[in-house]
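Scrolling down, you'll hit the structures one after another.
Same chain, two partners: subunit A is paired with subunit B first, then with subunit C.
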Partner chain A sequence: MSATREDRRVGLTLGALSSLVLLLIAGMIFFVLEKAWPSFSHNGLSWFGAKGEVDAQLTEIFNSPADPNNYVYTIGAWPLIYATALVTFLSVALATVFSVLSAIFIVEFAPDRLRRVLEPVVRLLAAVPSVIYGLIGILVIVPFVADHFVTEGARESVRFVIQLDGTSLAVATAILTVMITPIMIAIIVDALRTVPQGWTQGAVALGVNRWRAMRTIAVRTARPAIVAAAVLASARALGEAIMLSMVSGSVGFAPNPLDGYIFLLEPARPLAATIVDNAEGLSVVPFGQTLYAFAAVLLVSTAMLSLGGWYARRALRKYTVTR
Partner chain B sequence: MSATPATTPAPPPPAPPADAPPAQVEAPGYAPSWSVGDKIGVGLAWFAGLLLCVIAGSIVIYMLVRGIQYVSFDLLTKHPQPSLDQSKSGGFLDPIIGTFVLTILGTLIAAPLGVAIAVWLSEYGKPAWLARAVESGIEIVAGIPSIVLAIFGLLVFSNAAFGFLSFTAEGGAVFGRSFFTAGAMMGLLALPLVVGATREALQAIPIHVREASYALGKDRASTIRRVLLPAARPGIATGTSLGMGRIAGDTAIVVILLGASLQLQEENSFPILGDLKGTGSTLTSYVYNNSPAGEGNAPEKAYAAAFVLLAIVILLNFAVDLISRRRKVSWQS
Partner chain C sequence: MAELTPPPVRRIALDADPTVIPPEEAINGNGHASAVRRPEAPRPGTVLERMRVEELSVAYGSKLAVNRVSIEVNRGEVLALIGPSGCGKTTLLRSLNRLVDGTASAARSGRILLDGNDIDFIDVTQLRRQVGMVFQQPNPFPMSIFDNIAYGLRERGSRKPSKRALEPAVHSALHRAGLLEEVKDDLQHPALRLSGGQQQRLCIARSLAVQPEVLLLDEPCSALDPISTGIIEELIAKLRTEIAIVIVTHNLQQAQRVADRVAFMYLGDLVEYGAAEQVFEAPQAMRTRDYVTGAFG
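Coming up: the complex of A and B.
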């Protein structure tokens, strides 16, 4: 088939449109980093470090004098970064276990009837807007935790540092787990279904039971997909802002694992939630630049995670022989 | 299997469950053994699957109960009013309109662009390095948090060059917040979903369909227009409805880039354009602002609006279900 002129024109137009996406990403990284640069350059590497009360520093920046030479930029964002990493890591770890088990159930053990219910259920859980998760969290789960888990003794013991009012690391992690699990299930179920049936059937024919066949053969074959799912889910978890700003407590505080179980009840506000909570301050120049610095950190890290997940999934596609 | 002596009438083996793999016909005496650990594993898998159903069920039922409790005709048809007294603060007509307008705007951007990118990736894809870069680019866009998209949009659209899209103050400062600017960023949010579903649909069309079209003397462009795109229509529809659900459910972009003003604030009195250049709110921002996290603190109204929002999202989901169920085109003759 020889390409006609029309053909070439269409190809070029579509190609140019598609390249817009690349231009957009480059522009986004450039502009956000440019806007954020003063915050980074004033602090150097200690931007990522701990320098005491992060909320006090934010207030200081917000109230900095109007003269551009006297802008205050001093911030050590460690409590926020730590909270982000902690919430993300805990919920992705929980969601990995939960989603692998559910995927095995959906692919292998669920009776047909239940399977037909489960697929829409997973899609529904993925589609529920984050603000609804946040609403249920703040109106139902947070008061429940405050009434049943936060003891008077625990409240007393940290009274001079923070308030334990139920908005906590534990609630944030639990809801975030529910939010990212469906994304992971979708990817893992797809991968488990592409495992050649002959492999698991061969194992079963050798006298291995169905659970062992799934665990030792199907799940192992699908391992790259599980990694990819976890990576993509962490990108989603990093960027979740609204739900976390509602339930994680509006205090820039780094929960300390040495506090025992109170650790789980301590508030922790991640980067994305910090941006939402302080959005009114975007027009104050140094404060806005600090918020853009938070956004830059999120942008770069989610971009890396997305690329990582994409490569992991490409690798998987190479290995699967049959569909 | 045939070792069973003919003299003893063997009891009929119990019918295997429908979902059992066919390979389960193992020799007698070699029935797979289930250790305690294996049983626990299966138990956990059942637990996880049922827990999913319970979580989804309780969310839907809880919101339904609250919705029936609080939604009233007045709430749906009255404009919101700024008032501390909740009996005077009106309903959420404006946020409902805002949700629809924003969803349509975002879809108008995402659907054509997404289909174009998917067609190029799947049908042209040359040069290969560029196609790979675009593919990973789409993946990156899918991973960008909406809060980052929102403040990036604010950065871009506050430029004087984009002043025509939003409100411009006396001194020439561009506000940057409007339905147009929020819609543009919402388009980016939905774009990866449209690209993904369309691409999958295009790749499911076997190569011989394309070859048949070429053999009839059609070139690639008209094959795409006349053969491939019509066949991929269910995929496009699926991706678009997924994207619409994503747009309707997003809060961060609305809070930051739409201004989240209670009522629709038109920029000028020009019929439709004036409204689109103005700010407004959607159901998501209404829920957020009326929850204890926002200023309104009226849980009943937040519940009612959340119920309407959830109903819209579930309807979109249902549409996806219907579309994908109808997609049973067999290419084998």
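Coming up: the complex of A and C.
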């Protein structure tokens, strides 16, 4: 068989495979949206709003009458959406700062011997299963926070609204940050390495110190990769369910920034954690459809994130691409 | 469109060095004269010592790259460092702005003076502003043309000057590098879209923008076509009245065209050092004679 014919065959096979993958994804999105539709259509836009206790509404839906004409769908998912956005945004923001700084350190400042240890450790950390973080969180961090940060005063001040037991926005954010930082470091380190030496050298030759040269040239050049890393991390944060359901408190509650620092100690259960927490109820039709609606929101958010990241990267590459 | 006429070449008063002669009037930006004229001999009294290298040695680990070299760098002159590749020209050049200090394995000894002060006792930021450098590969930053030139000025202080405040300095630097006419309407375009020769002149302009007293050029034309090379050689001939220029080249014709003074290096040693005519026409050392007559290299 001639080489070109073999190439063509490989090309066709790979093309068919990737089309299959695309088809699967499209099918999945369609399936989820279709399942979720009753929940959205019954509530209209108020699905996204706040209608009081979301957990009580979930219980109502779970206890729906068996008659399809009397299914209960009423829900205002705002506390869950808000918790998702809050936990994701806070942890990705923190992780971006940490990972950029660590990557600069690894690439430019770490002594060779430290670098040789640090890099494999970072890559290893990126692969730790999230349930392990969840275990450490619930066995170590949550009790620690409950003992040391949740004071009697704090507990009292929100007594009529919510119970503070250590499972909280702060712990969820902190552990999620630790979880997503390593993969971001790995991506950003690779990106900083590909910045041509000539550029940073040129800056240094203009009298700029190494730190400024890294900041103003290397990090600037690596911005598309930083955006890509942040998008990837956001997707992971949005989808993280097990760990968050373990440490964020099993209450659908919207932490109130007006509570001052207590805000951080209040529970906040995101969408993905809500799905795993309630998975046993899937057999109840309207309840299952409500969970599918949560999943649909997550799917659409990740899709929009990827799209936004793509646009941002394209804009940021304007000066790097030569022609 | 009054803004389109290039602003007069003027040094920023703040940094003006009282001993610096103002640049020659009206550098014509597009000068495409194909034959580069030998620069006229510098007028007496305009040659002024700027840097003095005394017994400089640089070793990478145990490998000696520069061996007890002593030379002077004068304003009003172009000093060409010539010699076969690997003989230590780049290392010598990078010692002058202490860029070798960034190489962990490099050890430098001997003294280098800038205007009488040991460069090891000058703040390195200050030193590198006074001793600018242009690299072998053009290395414009991945930013707009304007931001490239403004980079050194913006990084100078803690307060970032506004774009408008920077404009005169950016225009003047581009003008001195003979690039203004070509790019003045495209200052916001990515610098990396320029041609190789334009990129190299951009890098020269970027160095000039911070008002250096000495300009180091490390084989600035080795990546360029003959026409761009000619333009840059002409530029060097013009700039030499304002600042001291050191150019590394392994192109002897180029050294002959642009240099007033030549230092021939071989395996880290300074073999011959003197006026260009003398080194090329009446070399003292055997190795120089062989090299300039093309016996090796």
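What we mean here is this: the second predicted complex is superposed on the first by the 295 of 323 C-alpha atoms of A that agree within 3 Å, B and C clash if a C-alpha of one lies under 4 Å from a C-alpha of the other, contacts with A are read in each partner's own complex, and residues count from 1 in each chain.
Just so it is clear, a residue touches a chain if its C-beta (ideal position, glycine included) is under 8 Å from a C-beta of that chain, and two chains touch if they have at least 3 such contacts.
As the structure is a prediction and not an experimental result, all values here were calculated from the model.
Of the two partner chains placed by the overlay, neither subunit B nor subunit C lies in contact with A:Phe149. When the two structures are aligned on the shared chain, A:Ile217 is found in touch with subunit C, with no touch to subunit B. Between subunit B and subunit C, more residues of subunit A are touched by B. In the superposition on chain A, A:Phe62 makes contact with neither subunit B nor subunit C.
Shared-chain residue A:Gly207: touches subunit B and subunit C both.
Within the superposed three-chain model, A:Phe263 lies out of touch with both subunit B and subunit C [touch as defined at top]. Using the contact criterion defined above for the overlaid structures, shared-chain residue A:Tyr82 touches neither subunit B nor subunit C, since it reaches no partner. Taken together, the two structures place residues 201-202, 204-205, 207-210, 212 of subunit A in contact with subunit B in one case and with subunit C in the other. Listing the residues of subunit C that touch subunit A in their complex gives 97, 99, 102, 124-129, 132-133, 135, 137, 139, 141-144, 151-152, 155, 190-193, 203, 206-207, 210.
Touching subunit A in their complex are the following residues of subunit B: 17-19, 21-24, 26, 30, 32-34, 38, 41-42, 44-49, 51-53, 55-56, 59-60, 62-63, 113, 116-117, 119-121, 124, 126, 130-131, 133-148, 151-152, 154-156, 188, 191, 214, 219-222, 224, 242, 245, 248-252, 255-256, 284, 287-288, 291-293, 299, 302-303, 306, 309-310, 313-314, 316-317, 320-321.
Interface of subunit A with subunit C (complex): residues 196, 198-199, 201-210, 212, 216-217, 220-221, 318-323. Of all the residues in subunit A, the ones that touch subunit B in their complex are 1, 3-4, 6-7, 9-11, 14-15, 17-22, 24-25, 27-28, 31-32, 35, 98, 101-102, 104-106, 108-112, 114, 117-118, 120-125, 127-132, 134-136, 138-140, 178, 181, 185, 197, 200-202, 204-205, 207-212, 215, 232, 235-236, 238-242, 245-246, 272, 275-276, 279, 282, 291-292, 295, 298-299, 302-303, 305-307, 309-310.
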